[in-house]
Every structure is written in C-alpha cells, then in structure tokens.
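Chain nomenclature is as follows: A, B, C and D, assigned in order of appearance, with residue numbering initiated at 1 for each chain independently.
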Amino acid sequence: MLEKVSFGVVAFALLWPGFKVVTARNLVHTVFWLGLTLASTAVLFIMLQAPFLAAIQLILYTGGLLTLMLFGVMLTARDQGLLTVPNASHRRAFGGLLAVAAFAMLAMAITQTTTLPASPTAPITTQQLGALVFTEQALAFEVLAVLLLAVTLGAIVFARRGDAGSATENTANSIPARKPLPAPNAAVSQAKGA
Amino acid sequence: MALSTEPGLSAAIGGGSGSVSKSRDGQAASMPTRAFVPDPYLDLARYQADADLLTLSFGPQHPSTHGVFRAVLYLDGEIVVKAVPYVGYLHRGVEKLCEKLSYSNVTPILDKNDYVSPMCNEQAANLAFEKLLGIEVPLRAKFLRTLLAEMQRVASHLLWLGTFAIDLGGALGGGTSVFMYCFRERELILDLFEELTGCRFHYNTHCIGGNRHDIPAGWPKLVHETLGTIDARLDDYLGMLEHPIFVDRTRGIGTLDAELALELGLAGPLARASGIDHDLRRDAPYHIYDQLDVRVACESGGDCWSRYKVRLDEMRESIRLARLLVDNVPAGPISASKPLTNVTQFKITTGQTYVAIESPRGELGTWVIAGGKGTSPLRMKIRPPSLHALAAVPYLFPRYTLSDAVAILGSLDPIMGEADR
Amino acid sequence: MADLLANPWLRGLLQGALLITVMMTAVAWISWFERKFAGRVQSRLGPTMVGPSGLLQPLADALKMFQKQELIPSAADSLLFRLAPPLALFLALGGAAVLPITQGMLASDLDVGVLYVLAFSGLLAFPIWMAGWSSSNKYALLGGMRMVAQGISYEIPMVLAALVPVVVTGSLSLSDIVTYQATHHWLVLWPPGLGLIAFIIFFTMALAEGNRIPFDIPEAESELVAGPATEYTAIRFGLIASAEYVHSLITCAFASTLFLGGWDGPFLPPLCWILIKTVGLFVLITWLRWSLLRVRSDQLMALCWKYLVPLSLGILLLTGAFIQWVG
Amino acid sequence: MGYLTATVQALYSTLRQSLKKPTTVEYPKVVRPRAARLRGSFALLKDAAGDENCIGCKKCEKICPSDVIALTTVKKPSPVTGKSRGYASDFTLNLQGCIICELCVQVCPADAIVMVREQERPAFSREDLVLTMDRLYRNGENAERLAWATASILAETQDPERTCLKK
C-alpha cells in the first residue's frame, strides 16, 4: 500500500514537472522543471532497485546535463536568459500533433511488450554492468567516447571564436575576427602619433 | 598639471623610455608631450553593446571600493572591457568651506580629507600658511612634524596592506587575518598619537608656526618600542601573505608604465612602482628631510606586486627614519607663533603659494591664494594624490577580470575622503 | 510500534529526521567553533556575549534569522528565488544518508554510496546558480555563473580521486570501503604515495566544492558582495549559509571515510574515531580558510583542467596497475 | 609543490598568531586605560570658591569651526565675591556636530571650558547629545575625569619664548 502511494507521489513528481517543461514560458524555468523530472526518474530507478543507474542518472543527467543546458541558456540568450519560447498557434498545433504521435508510439510499445517484468528478479550488480560495458558493448562505448570528444572540440572551437581576450593569455594571434585590446600605452602613443 | 612644475621629475624617469630627456633642467619642453586620450578603451564597436556586454555598476556601495568610489564596468564575461570611474559621492565642499574659515580653523577641517593620514593633511596646509606668513618653524617642531609624518606613513601603509589583503582574500578569509594584524599594529601607532595629541584620528595637533602638543614624558621610549614591535611583527605574517596565490594575483596585474603615470600626474608609491624615482622628501625637501638620508624605494614593474613592494619598503624605511628621529628631537620651543587666542589672530592679505608634501599616497599639495579680509583664504585648492590615482582606473581595469579590478583598485590605495573632498 | 518501524518507508523517514536534527545541531556548534577559531587566529576574542564564551551564539543567530523580515526583490523570479535555499540545504543534507558512522550505523547502506554522495554534492551547484540567477542582480548572476563554471571544473578531478579507493577496494559501497581499511590499510597510505596524492587532490577539490577559501570564488565578498546570496535575507540566507556548513561537514566525513579509515582506529570506540577525523578535517578547512587568500576563477580552472585532471587520471591508472601487479 | 609548502608555512604563521594574547577587550566590561590627554567630551569648570569660571566672552563660540557652541552672556554680580562680571546665562554644546578639535579649550581666557577623558555614550535621541550648561558643569565636577589640557597649559606648551625644555 505504502509502496503504491509512494510510487504515485514519485510518478506525479515525474509527470507534473514534465508537463511544466513543455508549458513553461521561461527557458530557465524549463531547465529547472527538467531537472525535477530527471531527479524523479532517479528516484524511480531506486525504487526499481537499480541504485547504480539512479546515481548515474543524478550525476550525468541532473548534474551534468543541466549544467550544460544552463551554459547554453546563459551563452545564447540575451537579457539574462529570459528568452521566451515562441508560442504561435500553428506551432502549438504542430507540437500537439507531434506529442500525440509520440504518445501513441510509446503506448503501442508498452501495450505490445506484455512480458516485461516489473523489476528484474536478481538485481544487476555494478560489476556486471562494468563487465558488459567493457566487453560486449565496448565498441559502442568507444564510439560514444569519440563522439563526445568531437563535440568537446567543436564546442571549444565555437567558444574560441567569440573570445575577447583573457587576462592570463594574449589571444591576439588566435582571433583574427576581433582585434585585441590595445595595451594602455599603445593607445596613447597611437593617438600621439596621429 | 601640478607635477610638471616639479623640477627634476622628468629626469627621474627610469630606463626604458628613450624619448624622455635625461637633462635635469626640468623645463616643460623636456616633458613627453602627448594628446590626452580621454578613453582609450571605448572600442565598443566590436560588441553588440546590449547583448555582449554586462554593464556593472561597481560601487558606490560595494565592499571593496574603499569608500564610495563608483565605476561603471562593461564586462565581457568576467573581463573588463571598459571602465568609467565616477567620483564625488563623498564631496563635502572642503575647499569652499576653507574660504569661510579663518586660517587657524582650517586645520581640523582638513583632517577629514585623507582620513587615513590626517597628520599629512595638517602639515600640507600649515606649511602653506607658514610660507605665506613668512614664519620659520622652530627646529623641535620640525623634528616632531617629520616624526609624526613618518609614523603616519607607517600607519597609513599598514591600513593599506590590510585592506589590500581583504580585497584579495575576502572579508571571510585569510585576507581578514592580515587585515586584523595590520590593524593591531596600526592601533599601536594610534595609541602613541593619542598619548601625544589626545585623539586617535583627527588630531588637530599642527598649528600655524609649529605644533600644539609637546612630547609627553616617556613617549620617545614608547615610540621606539612600538616601532620595533611592528617591524618584528611584519616579518611574522608577511610570510603568510606572500603565498604563491598572492604572487599570482598581483604579479603582472594592472601594469602601469612610467609614461602613463606621468601623463596622469601620479606621484608617490604609484609612480615609484612604475619606475619614476621621485620622492618629494628627497627631491624637494621640507621639514628636516634635507638633513635625512631618505632611501627611496623604487620598482620598475608597475604592477600590483611592485606597488606592494614599494609600499612595504617605504614602511620599513619610515620605521627606520622614525626611530632615528625620535632619538634626536632637539630641545626648544615647539611653536614660532604666539598661542592662539583669537579667531583672527593670523592675517594674510596678499600672495599665493603652492606647497606639496609627500603624503603616504603621493604628492599632497595645497595651493592658497590669500586676499579678501585676510583672515581666511580667498581660494584654497588641495591636490589630492588619490584623485589622480583614480584617473588611472580606465587605463588599468580593461583586459583584466573583475577579480583583478578589485585587486588593482586596492593597489591604487584611493581614499575617497581626499579624492572627493 | 515495531510493525511501523519494520516498514522501510517509515523507518527511512524517522532516520532522516534524526539525521537532519543531528547534522543541523552539529552545524550550529561548528559555526560557533569557526567563529571562535577565527577570532583566535585574528587576535580577537570571537563571540563572548551570548552564553558562556559565546556558546549560545548560534541559537541567537538562528533566532535572529527567523524573526527578520524577509525581502524578495520585486524583479526576482519568485519561484526559483524561494526554492533555491531549501533545495540547497536538501542536497547538502542528502549526502549524509549513506555515510557510515560506525559499523552498521548508517541510514542506508547503498551499494553505490560513493556515487550517491558525489551525485548529491555535485548537484549543489544547481540551487546556488538558481539563487544567483533568480535574484535578478548582476553580482548574484556572476556568482551563479562562477559556481556553475567552477562546478564542472572541480567535479572531474574530485570524482577521479574518489575512484582511487574504489579501485583499490573493488566496491562502491562506503561501508565496504571502511571495512577494507579496517582490515587492510588506510587508503591515504595505500597504494603508497598514490593514496596520499589522491587524498590531497580530493581534499583540495572538496574545498572548491564547499566554496571554501582559497576557492570561494562564487561568493567572493570583496568582488561580488555576497555572490548568489546577495539578495537573500532572513532565514533563506540562513538556509544557504547552513547548507554550506552542512556540505563542508559531510565532505569532511566523506573524505575521512574514503581515505582515513572511517570509524577505524585503536583504543577509542569507533564513534569517537569518525568524529575525531571529521572534526579534524573541518578544523583544517577552517584553518586554511583563515590563512589563505582567494585564487581567481581562471586560475582555479587552470589548476583543475591543466594539472589535476591529468594528474588524477595518471594516479588512477597507476593504482589500477598497482592493484593488478602488486596486489 | 611550492603551493603546498607555502600553505603549510601560512598555516604555521596563523597558528603562531593564534597563540598570542588577543588584542581586543570586551569593551563595556573592560575599559582600557585612557591617555592623559584624551579628548572625549566637554566640561565647564568652577573655581575653588565655587564660582563659575566662564566669563561669557564668546571666544569659543567664534572659533568653533563647526559652529556647535552657543552661549548667551549676562552681566551680573558674582555670588561668591559679589563683584559684577560677565557670565554665561546659557551655554550649549552640540556634540552631534563637534569635531573634537580642542580649539575652544585653547582660546578660553578663563580656563573655563576643558575636555573630559570619557566620551559621551551613544544616545537614543538627538537631544541627549546636546550638552547643556548643567551637564557641562556636572561633567567638570570630577577632577579625575578631566583631560590634561587647559588653555593655560596649552599656551605654556606653545610659548615661543620657552627654551629650556628637556629632550
């Protein structure tokens, strides 16, 4: 009984923020609600006796992904991240259609796999997971690693392009797009020469 | 600019600026002449001003603006792109007030200008008045004034060191520890001033013609002991302060070169840190500095670290001078003029003069035009070193981060009381 | 009654309440200790007025915090502004659940205790950022951004350093790690040298995570007034402040569990040992705080990315090799 | 590595400082000895016979740089000697604007106004910081509290003819 009530609570804590993610008008609020959704998912993992997955969910999704999204919001949005989501009616209709389609697909998938057990009979240990990752799934793991590396490099390239110069290193040579700030006396002597 | 009238200054510039004449004639022609560039960093065309830059109103109510200084910072991320300083939040109209007060009443008002070294304010004004009146201060008073000035320099630099440490280390960290130690030492000096004058802060101990308070019995011995204690204790915690973190935060930060320092009219420790070997105590002696061998501290880096070094060396030198002076105070009267009995005792009907002394922050000048009824100055202008130091803000802040801006402002050691007057 | 306690949910609730009470009480006196310590270091007296030698000062502070008027800036984002402080305290306290205090005395013996603590403490950057962003204050915003930027920098060396004990013991469970240390070696000494380096890296990054000097960059009072907490008043400010203390305390307990043998130690009962180690580390943190200056944001990141990430990867590799070939 | 050793050194340094005696005292409970010359607040003095020293010459009012002294003069026979001379019928000194410059003490021809070594305590209302004549005379009753300086002592110190002073 108590288990069902608590599942209900967690399910609500998962669905309601999920709903808010879609409806929130403020990007930062969206990120916040998304965080709640992801954290609730972690709680669900714990209830399924998969604590390793829960911890990873917290570290990677709630921790890492949210941080990245914050960076995205702060770097792209103007006026302190208060970018509002476009809300035209045809977009709404399109979004709704998409949501209904996705929901239908998921519902079909769920109704058709009736043999899935509520929780695995013997909980998968961390060691098993580790062994799996480094043997059977090694290729996928490595491909993912390469992909992430590429993403990191791309991010650095994008970030460097917008660099205005930093206190510790002179970026004059690496940024052709923006001219470096003049040293105090360079400016003065330029004016003197002019 | 007041500095350019000082003979020998241009010749005092260290190596590295070949365009400056090395002659000692001190003529204006030998000074580097440049068009004044009001704002060399107004290069906002590269930015979409409202999107790329964060405009930060830094002060006047900010923990590390040393009072009520305000600078509008244009930040690209954390990096300052442009800084516009605003002064005047502490403007008290002192110069105008001095026109209303009689000559004898000006001194206590000026104490509040540079409230970290009030002795020097008093000396600057009284030296000017004495010059106009043609009064020669007795030797004992000269010694006493020199001694007080040097002790005040130690106290002032101690306060600077403490606040600089706070700027770097935060109000809730190791910076506060250094701050507290510095204040502990500074209090010892203030105790001595209290013994002598009866006040810890706004002394009103100098008067036209000399000093108002004579040295009490046993005081010289106390001075000796106290300064010895401070000298020893400084070693105690400088080891802690000069941590690699401190070096990283100060070395190469806020570089100010000699040419720009001259252009802005900087003097004192700021100029000396930039390689301008100039000290009024040695180059235009007053009091009894002509009889003293003042070893002027000079560095060439021009960064926060050099400014720290210069002030520290100065502190040590001042301790040495003060201990030397206190043993040699001659007997005699401490005032050349009759004790004050009347508001209008001193009358100066005509003439004008400019007198500058080396305050802990640099050249503190007083320009007095006498006239009118003769009981009060017709016009009085104070040249505060802090105001000139703040003029360096737009040149020093850009290219550095907000954290460095705080450190740079701290290293400039501005006292808003005297900058705004 | 026994039936009720048998129910894991109710028992968890009770244990949680107990843990929170203990932690908050500990934090109150720890904050007293820090103030007294700071006073002594700075040649002052510290709190003296409330109670004998100021011992009741934390109570007075809490009372003051509770009865102060709470101001919420009109431009602030009301929801996030109100939520951030309790969330910060929640995340800070969350890590305490899996810390083994003595043999068998822990709220929850998770298989992945190490990951769990790391996850909760890593998430702490998020409410701090929320506080900074929602205040609608530029200083607070800068502080929040510094927090996030700092967060992704210190996290990696910290996790890598924490993995050294995991690799040695072959378990992610904190009680297993302590048991290993009780029967074999303390992990600060084993593998020789590597354990010590891992501990130093972990401890340094814990300073950064707890916003402690020399890494209290997000709240840097002399630069950002109070960072993300600039606009906070009354009890919400108190919550943020106590979250920091709770977090420091838990990190100390975590570090002593991972590296210093947890409850293990001669002569004294286990409870004493874990307390001695935790408080000892906290004293060290406090002592460092009042002795060092603050580094700059980019200096911290350079330290993390240029030196500590390669270093911790290296020692992790060496530890693996050590376990493989030496034992 | 340099960081580590320097940090240890810093820790050692603060430890050494923390073992020293604290320099602060609990102020209201412990009051440090006050300097003999300390300028705290003001007092008006009476002579040995109990006659008021103040002659109502208004010199202090005129010299005050911040205009905080106000007095009205009255000419009346002295209650002690019976001779008619000037008195202050009302004397107020507003401490809110006072800058403790000691100039009023210096110019007083009758050594009437002097300073006491204790400061006025902070007050709840502005009126409490105005020293009335009553309060000034009450301040002067305890000779222990008085500061060193009177007009004649200051004049003697500053006498330009004074030569035989020991070093």
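Please note the rule applied: a residue touches a chain if its C-beta (ideal position, glycine included) is under 8 Å from a C-beta of that chain, and two chains touch if they have at least 3 such contacts.
Everything quoted here is computed from the prediction, not taken from an experiment.
Q: Can you list every chain that touches chain C and also touches chain D?
A: Joint contacts, listed by label: B.
Q: What pair of chains is linked by the most C-beta contacts?
A: Result of the pairwise contact count: B-D comes out on top.
Q: What is the distance in Å between the mean C-alpha positions of chain A and chain D?
A: Spacing between the chain centres: roughly 69 Å.
Q: CA centre of chain A versus CA centre of chain B: separation in Å?
A: Using C-alpha averages as centres, the distance is 54 Å.
Q: Please tell me the distance, in whole Å, between the geometric centres of chain A and chain C computed from their C-alpha atoms.
A: About 25 Å, centre to centre.
Q: How big is the gap, in whole Å, between where the Cα atoms of chain B centre and where those of chain D centre?
A: 29
Q: Any chance you could list the residues of chain D touching two or more other chains?
A: 7, 10, 13-14, 17, 23
Q: Tell me, which residues of chain B touch at least two other chains?
A: 174, 177, 181, 184, 240, 243, 245, 401, 404
Q: Specify, in ascending order, the residues of chain A that touch 2 or more different other chains.
A: 166-167
Q: For chain A, which residues are in contact with chain C within the complex?
A: Listed in rising order, the residues of chain A that touch chain C are 2-3, 6, 26, 28-29, 32, 35, 51-52, 54-56, 58-59, 62-64, 66-67, 70-71, 74, 80-81, 125-126, 166-168.
Q: Of all residues in chain D, which touch chain C in the complex?
A: 4, 7, 10-11, 13-15, 17-18, 20, 22-26
Q: For chain C, which residues are in contact with chain A within the complex?
A: Interface residues on chain C, with respect to chain A: 7, 9-10, 77, 79-80, 110-112, 115-116, 118-120, 122-123, 125-126, 129-130, 133-134, 136, 141, 145, 148, 151-152, 155, 172, 296, 298-299, 302.
Q: Inside the complex, what are the residues of chain B that reach chain C?
A: 54, 56, 62-64, 78, 165-177, 180-181, 184, 240-241, 243, 245-246, 248-249, 401-404, 406
Q: Mind pulling up the chain D residues that touch chain B in the complex?
A: 2-3, 6-7, 9-10, 13-14, 16-17, 23, 35-39, 59, 62-63, 65, 99-103, 106-107, 109, 115, 147-149, 154-155, 157-167
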